[in-house]
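Chain naming follows the written order as A, B and C, and within any one chain the residues start at number 1.
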Amino acid sequence: MPLLDARAVQGGYGGMNILNGVDMAIEADEIGVIVGPNGAGKSTMLKAIFGLLNVTGGDIFLHGKPIQNLAPNRLVELGMGFVPQEHNVFPSLTVKENLEMGAFLKPSSSRRMLARIYEFFPPLYEKRHQPAGELSGGQRQMVAMGRALMAEPKLLLLDEPTAGLSPKYMNEIFDRVKEINGAGVGVLMVEQNARQALAIADRGFVLAAGQNRFTDTGQALLADPDVARSFLGG
Amino acid sequence: MNELVFFINNVVIAGSVTGSIYAIGAVGITLVFSIMRFAHFAHADMMTFGAFMVLLLTTLFPQAGQAIGVPTAIVMLPLAIVLTALLAVIIDRTFYRPLRAHGVKPIVMVIASLGVTLILQGLIRLFAGTGGQSLYVDDRKEIFRLALPIEGVRMPVVITEPQLYLFALTILAVIGLHFFLSRTRLGKAMRAMSDNPDLARASGINTNMIVAVTWMLVGGLAAIAGTLLAMDVTFKPDLSFHILLPIFAAAIVGGVGQPFGAIAGGFVVGFAETLAVFNWSVLLRPFRDNLPTWLELPGNLAFVGTEYKIVVPFFILVAILVWRPTGIFKGKVI
Amino acid sequence: MNNQNLHRREAADTTTGTFPIRELIMLTVVVAAVGAVFLFMGPAYSTRMMVEASCYAILALGLTIQWGYAGQFNAGVMGFVALGGFSAMTFTVPVNEAFWDSDLPGQLGVALLWIVAAVVVVIGASRLDRIGVPKRLRTLITVILGIVLYMVAISHFRGVADQIEDQVEFIGGLGLPVWVGWIVGGALAGGIGYFIGNICLGLRSDYLAIATLGIAEIIKAFLKNADWLTRGTATVSPLPWPVPGPAELGFTLARASYLAITAVMILVFFLLLQRAYNAPWGRMIRAIRDNEVSSAAMGKDINHRRLQIFVLGCILMGIGGAALGSFNSIFDPQGFLPLNHTFLVLVMVILGGPGNNFGTILGAVAVYIIWVMSEPLALYVMDLAANFGHSSLGWDIPRNLESRALQARVLVIGLLITIVLRVAPKGLLPEKVRHHN
């Protein structure tokens, strides 16, 4: 049974459909990467899965359980974590408090998970008493990912985690994503750096105009001349 | 030295009293603002409602306090806190939540809160009448006169029992609030929701619960402020409506959405008010004989008469809006 | 599919446009209610009610353009009403010969000159940095000078004001025609509106509500305590009417002729506002209300327009307040209450339909009838409840039922606000948004 199975998903904002029937499925230990041109509906798909916009058609299953249009806090309970692209930390809370908010539904495991996150992102331990709003972009992204991981999700949704980061941090984030996946967490992420992202992807989804254009393994998509010509800039 | 005592009585003590009440009131305003993002005009009448609950309970059991030697009103306060917290949650469920669900503009919420203000005021007037009533039903309001051990000082420092309770409860409320917001899971979640409601939802925080907790806190604080105000003066249906402007000014001075800023703002506004109506001529009187003869000291050297006290918070409000809209503690920019 | 919906909605708009069924129903209901009041309470009572309702309709028109046309929420209608009432009083009541014959006008003039001089000096001090004085020193000088001069000027002024109160009660009126007082009332309210709008219109609308609430209380405090100017709590009466009074025509006829004047005023304001609404100016105002950012991007001077409409609304409130003050024929600063003069007007507007002038006028009449009638109704209900409680439950009947029934109005207005927001958030006659194809 796939971890996430989305079939013919439709949805959008204010009666305007952005997603016109998108299929997407990943297994429990896979990294899925969504790429495509601007306005293709990549982030919208992620938000649709996480219940942040109204799904008007299709089905979404998590471990075979229908989850479309559930409230985000229910989805967190069911094992989903979401890191938005922007505004993804609580600026006036300290790093430690930010992380604790991630474990809001599981206060008992908070202390244990905190130690693991500090181990995973060492810079966060040093800055744990600083307000998150004072951190650099890369460190904020770590806080945001750490916050989502605190709830021990089975599936982590990342919306452009490397946007606006320097190459050094970008590589760091991709390494971390691989490690997270190595620890048994399924990852579904939207990325602008399509080549780098597909290189680590078990499964790649190329979206255009709210529909699937190509779906294959990451390596196969990278090797496909059609994909390269249309979506990877030659 | 008598002038100094006069200053202590009329500025230090009076300012602390007003400041404490404004501070507790402003915290409620600022909490609603940070979680629900609208100016809650019905806060003042929630205060009055809390005081009214105490009045009701005190009238029913006037002897309750004597057994343990505190005013009955203080004994009844915890119960009134619970009742007002409940009222706040009910008001939210009946009037505000449906509007919130429709995603209305904040100003529509403001209008709804004006409607709630009138409903509360109407109910209180219907049941309590319009006259003033003391919260000291069977108790006596103790007045302490502390003579200073300095030669030539005849005037005592005067402080009343409710004022002492007010100071004690203000300190307790501030400490309790600090503990709640920085140490407890719910308090941190409240701050998180104030920072970024969408991310709070995405973190699994049940925002409906946070809203309910906020209203309980707001209702409880309103009951404390209203009761202490009514104990210091007397209970009237329009007890707190008149301090709506000062507590808004205090919340904005402190930076909207900043609970501790609101406390500071409350004292700033409270002391500004007392200093503005204080008759400075009294302090200059000892030097009267040394002044040159052409400078005649007028009898009244107050900046504004007591009847114009309301002008002070207004000008503080306008000054802050013009020069520093985020307040002294960098609140939300609106 | 979306396009179809849009077309259908437009089609619905045009049908209601040609056949105003809602308007007709509401008009019928209001007229019937007025008729019922005439039937039960008699013509003298009803004409009085209608004159008051018409004055409130002018206030409501002022608020409906601020709130409905421009989205500005003014919670201080009372202050502008009070300014109008003050102006109607001070320009129309007879000249106080005792004051003008004494040397007090001269003294008052000197005291006012002192204040002007103090202001000039302080403003001058605040510009000292232009001749090379360091900024910190300039600020210090300005603040100290400001405090000292304020004290000197104000205590001098207090002395003169006390003398006026002791010797001649107050400075009296100017004995001018009533319409002068009404026009100046509008101008005065507009001036204060300009001051407040300049500060607050750029901020979020909550702040405007708080600030206007405050300014209204300040205006009331000033009028109540400036005994030398208004006699304060001693009140001034009678104020002259623009038409022959009840003494000459009898109550009903005198009030009816007053009503004729206010009705003509409403008609004129209504026609002017309708024209303005459909003119390019009105379209621009609505564009700003609906989408500030894109209007700014199109190069419209937003703050200037917003200020215009706010001041215009305040002027209407001033005129309405003046008309109301003259009709009551007494100037009592304590009689200005947020409930009667702010929230009542607010309910009229949100019930009638913000931005819909016709709806607002009907709403004003309807709400005023509810307002006036809620007291006897509440008394009736309370009597019933008290008697029932007395006979079957053995309660004691509370003594002051009448005064408590009066307070039921507060409750009624509060309930009306919340119910309308829930049931008909755009009012009974919503603003008609026209699509320009």
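Annotations
Note that a residue touches a chain if its C-beta (ideal position, glycine included) is under 8 Å from a C-beta of that chain, and two chains touch if they have at least 3 such contacts.
Here's who's who by UniProt: A = ABC transporter ATP-binding protein; B, C = Branched-chain amino acid ABC transporter permease.
Quantities reported herein were computed from a predicted structural model and do not represent experimental measurements.
Using the average of C-alpha coordinates as each chain's centre, A ends up farthest from chain C. Ranked by how close its mean Cα position lies to the mean of all protein Cα atoms, the top chain is B.
Centre-to-centre, using mean CA coordinates, chain A is 46 Å away from chain B.
Taking each chain's centre as the average of its CA atoms, chain A and chain C sit 55 Å apart. With centres defined as mean CA coordinates, chain C is found 29 Å away from chain B. Contact with two or more other chains is made by no residue of chain C. Interface residues of chain C facing chain B in the complex, by the touch rule stated above, are 71, 73, 75, 150-151, 155, 158-159, 199-200, 203-207, 209-211, 213-215, 217-218, 221-222, 224-225, 338-339, 343, 346, 350, 400, 403-404, 407-418, 421-422, 425. Residues 50, 52, 71-73, 76-77, 82, 84, 87-93, 97-98, 100-102, 104-105, 107, 147-148, 151 of chain A touch chain B in their complex.
The part of chain B that touches chain A in the complex is made up of residues 185, 188-189, 191-192, 194-196, 198-207. Touching chain C in their complex are the following residues of chain B: 38-39, 41, 95, 98-99, 102, 104-108, 110-112, 114-123, 125-126, 129-130, 237, 241-242, 244-245, 248, 252, 298, 300-301, 303, 305, 307-308, 310-311, 313-314, 317-318, 321-322, 325, 334.
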